[in-house]
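Take this structure, written in structure tokens, and hold onto it; I'll ask about it next.
When the chains are written out, they are named A, B and C in that same order, and each has its own residue count from 1.
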Amino acid sequence: MPFILKDVSFTYQKGMAFAQKALKGLDFTVEDGEMLGVMGAAGSGKSTFLQLLNALLKAEQGYVFYEGQDLAQFSKKQLIGLRQEVGMVFQYPEQQIFADLVYDEIAFGPRNIGLDSEDADRRVRESMQQVGLDFAEYSSRRTIALSSGEKRRVALAGILALKPRHLLLDEPTAGLDGEGRRVILDYLQHINRQEHITVIMVAHHLGQLLSVCRRLMIIEKGRIVLDTSVSRILDHYDRLQELGIELPPHLEAAYRLQRRGWKIDTADVGVAAIARQIADKIRSGS
Amino acid sequence: MFRNISLGQYLPADSILHHLDPRTKTVAGLFFILAVFAAAFPLELFFIYLAGGLLLYLSRLRMIDFWPVFKPFLIIILITVIFQLLFIPGTPLFSFSILSISYEAVETAVTFTLRFVLLLFVVRLLTATTTPVALMDGLEQMLNPLRKLGLAVHELIMIMTISLRFIPMFIEEAERIRKAQLCRGADFRIGSLSSRLKNLFAWLLPLLRSSLQRAEDLSQAMEARAYQGGEGRTRLNILRLRGGDYAYLLSMAALLAAVLLV
Amino acid sequence: MIRLSGVSYTYPHGERPAIKNISLGINGNEFIAIMGRNGSGKSTLARLLNGLLLPGQGDVSVDGLSSSRPENLLPIRKKVGLLFPDPDSQLLANLVEEEVAFGPENLGLEPAEIRNRVDTALKMVSMEDYIKYPPYLLSGGQKQRICMASLLAMQPDYLILDEPFSMLDPRGRKDLLTLFKKMREQQGIALVLITHSLEEAMQAERIIIVDNGQIHTIGTPADIMTMGAQLTQVGIEPLEISNFIGELNRNPGVKIPADITDIESLVDILCPSS
């Protein structure tokens, strides 16, 4: 179990006139290789939550354990190691690109951790492949000439090049067009399913999270108000209604059809799986 | 690491001081500072402290509001005091082996501390009871006569106002980029000089780029809202001196005069 | 009416034109949406509409005022408000009331009139309780409302909304969209919404798809939503419900009409309640 949080609270701008409590009494565990989607309104503390997991912010109350060790006790050196194992992709990561060439941008991390040029080179190639950037085509391209979707993949590769075992992402699809969004989500899913990297991502859009994640957590006003396996999402239909969160149309339709007496298995929440079952019903029923 | 700078945050309240004209508060603040430096130890300083207490009461602020401003200066005060105690000669007050502290040293140290605290208090009182915009407006009004000398007062003040607005954001951005690069094993505070420089560059370049982008966006947003410089521009809040302003200004002037003349 | 005739624009140092030969009319009181992939030229188009950028070729005119004449720029900016994507880079004051007053101050209005407009505009966006609040401490949605009030205080006839939702969560989006529609109904302000989301664009009367600096398609929401695979080609994600219907129709023997937008009607077709 890489992450265990026990009764964690965090306040923003502590001691200032406008202090705000960002997180209150979080209690949960993340398993190895999970793909966890975290959703919540702006200002609900989602981004704070991610930064607690790799000790960029320190819990004010409670404990954050990584592999059984209390993060508060980590030495500076241990923290450097931790941040390699727990990669973090900030919101709009392309804004932090500084190198002129794609290759140098991605090699920055591996070089920082003291890899020789041969090893660093291997890391760059591997991570570019992980995000679907062809090495021959992209490695010597200039970073400013890339599209926003490509830039974001470069930034993601820059983190993957450190070979993290767990990946934290803050709104990885924000600001991208439909195509850019799809590509990022597909690669994240691939990284999780094929390379068994734990993925914890924060996003606004329920449909996007449901399409790739296996577990969903909703944070509201600093508290966890829902924590469920994605396959059981419809069990929480009323709760979602209360929270004012809309389900994607295929699940909403599945739920309403269930209410009309249809048997639809929603263990697989994919659009294709749901559509297939409905089609079977139509053919057998009429 | 960057968040601890808070000399200037406005603390809204409905007090007499909050409602005074910013020009009054600036000039009266200057009088007060002069009085602080002119006041002798101990009696005059005592009266200045009484006046300060009155101001605190009038501002409806709490002592605790001033603490964040004092805190970063404590070490400076402490070091200065230690130096003064050790090195100012005069009538020995007490001595311990080679260490000797004079009466004059104690007096200097105490006076220094009392003045320094009061100085911070006055500055904080001004920034806590006056919005930065009002302060700048007041400054613009007071500097207006200099326009005849060809000084671009409006533009200067506009730049300062916007800088004030963007400092917190800049700090936030700097911190975010630093954290992001930290996650890629880059820390410009450790390592060899060349790697530090490289990491500093990886921090500064995105910061510079985003700042330029913000500046560009902001200038477009201002232009889109029909901004064309100071010419033909009016203001929502026109500064007007009222009875309270004159009274406040007069009492501060009287305080200064008393200290100087007595 | 905002009229673009044969407008092209190339950025300084740009290799290709960002906008190529676009002709378009936007009526007063119309609600149109402009869509297209990242880098298609949508935002450039927005900045041409209020004279922030001037066309290299062709002409842009607002109610007969051509943006090519410098003396028209002020009246054009008074008529055409532009809301930017990121509220943080357009908020310039330290107090909400100063922020909203900035535009009217630039118009040289009397202080009493400015006060009046500030109060009215903040009421319109339901932010009147925050008049003495520092904008940077508000939430993203609230900030965007303040930006909106700043434009309303200038009493514009047209509002250009350049991806105004990109920093907001779904609830913030919904609230702001409702506000836009209210402004249109109550104040008769024309809306030009630039967005990536077809869900949001569906609220408009016309949707314009821009691709590669040119107009690709103009149509009603019903026309656009049934374009199917063509949408993906111009970087637009189809409606979630269209995706679902497409997936249903992929199964042999299923034929659901592609123009259904609400779930209840879809469910009724799938399982007619007896």
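For this structure, a couple of remarks:
Here is the rule we use: a contact is a pair of C-beta atoms (placed from the backbone, for glycine too) under 8 Å apart; a residue touches a chain by one contact, two chains touch by 3 or more.
Here the structure is a predicted model, which is why all the values come from computation and not from measurement.
Judged by the touch criterion defined above, the protein chains are all mutually in contact, each touching every other. Among the pairs B-C and A-B, the greater number of C-beta contacts is found at B-C. One simple way to say how far apart two chains are is to compare their mean CA positions; for chain A and chain C this gives 29 Å. Averaged C-alpha coordinates put the centre of chain B at 42 Å from the centre of chain C. Averaging C-alpha coordinates per chain places the centre of chain A 42 Å away from that of chain B. Residue positions of chain B with contacts to 2 or more other chains are absent. Residues 3, 6, 9, 11, 65, 68, 176-177, 179-187, 190, 195, 199, 201-202, 205-206, 209-210 of chain B are the ones that touch chain A when the two sit in their complex. Per the touch definition, chain B reaches chain C in the complex via residues 10, 12, 131-133, 161-162, 164-165, 168-169, 213-214, 217-218, 220-228, 232-238.
Residues 47, 50, 52, 74, 77-78, 81-82, 84, 86, 88-95, 97-98, 101-111, 114-115, 118, 132, 134, 136, 150-151, 154 of chain C are the ones that touch chain B when the two sit in their complex. Chain A makes touch with chain C in their complex at residues 18, 40-43, 147-149, 174-182, 204-205, 207, 244-246, 248-250, 252-253, 256-257, 260, 262, 271-272, 274-276, 278-280, 282-283.
Residues 13, 15-17, 51, 54, 56, 76, 80, 83-84, 87-88, 90, 93, 95-98, 108-109, 112-113, 158-159, 162 of chain A touch chain B in their complex.
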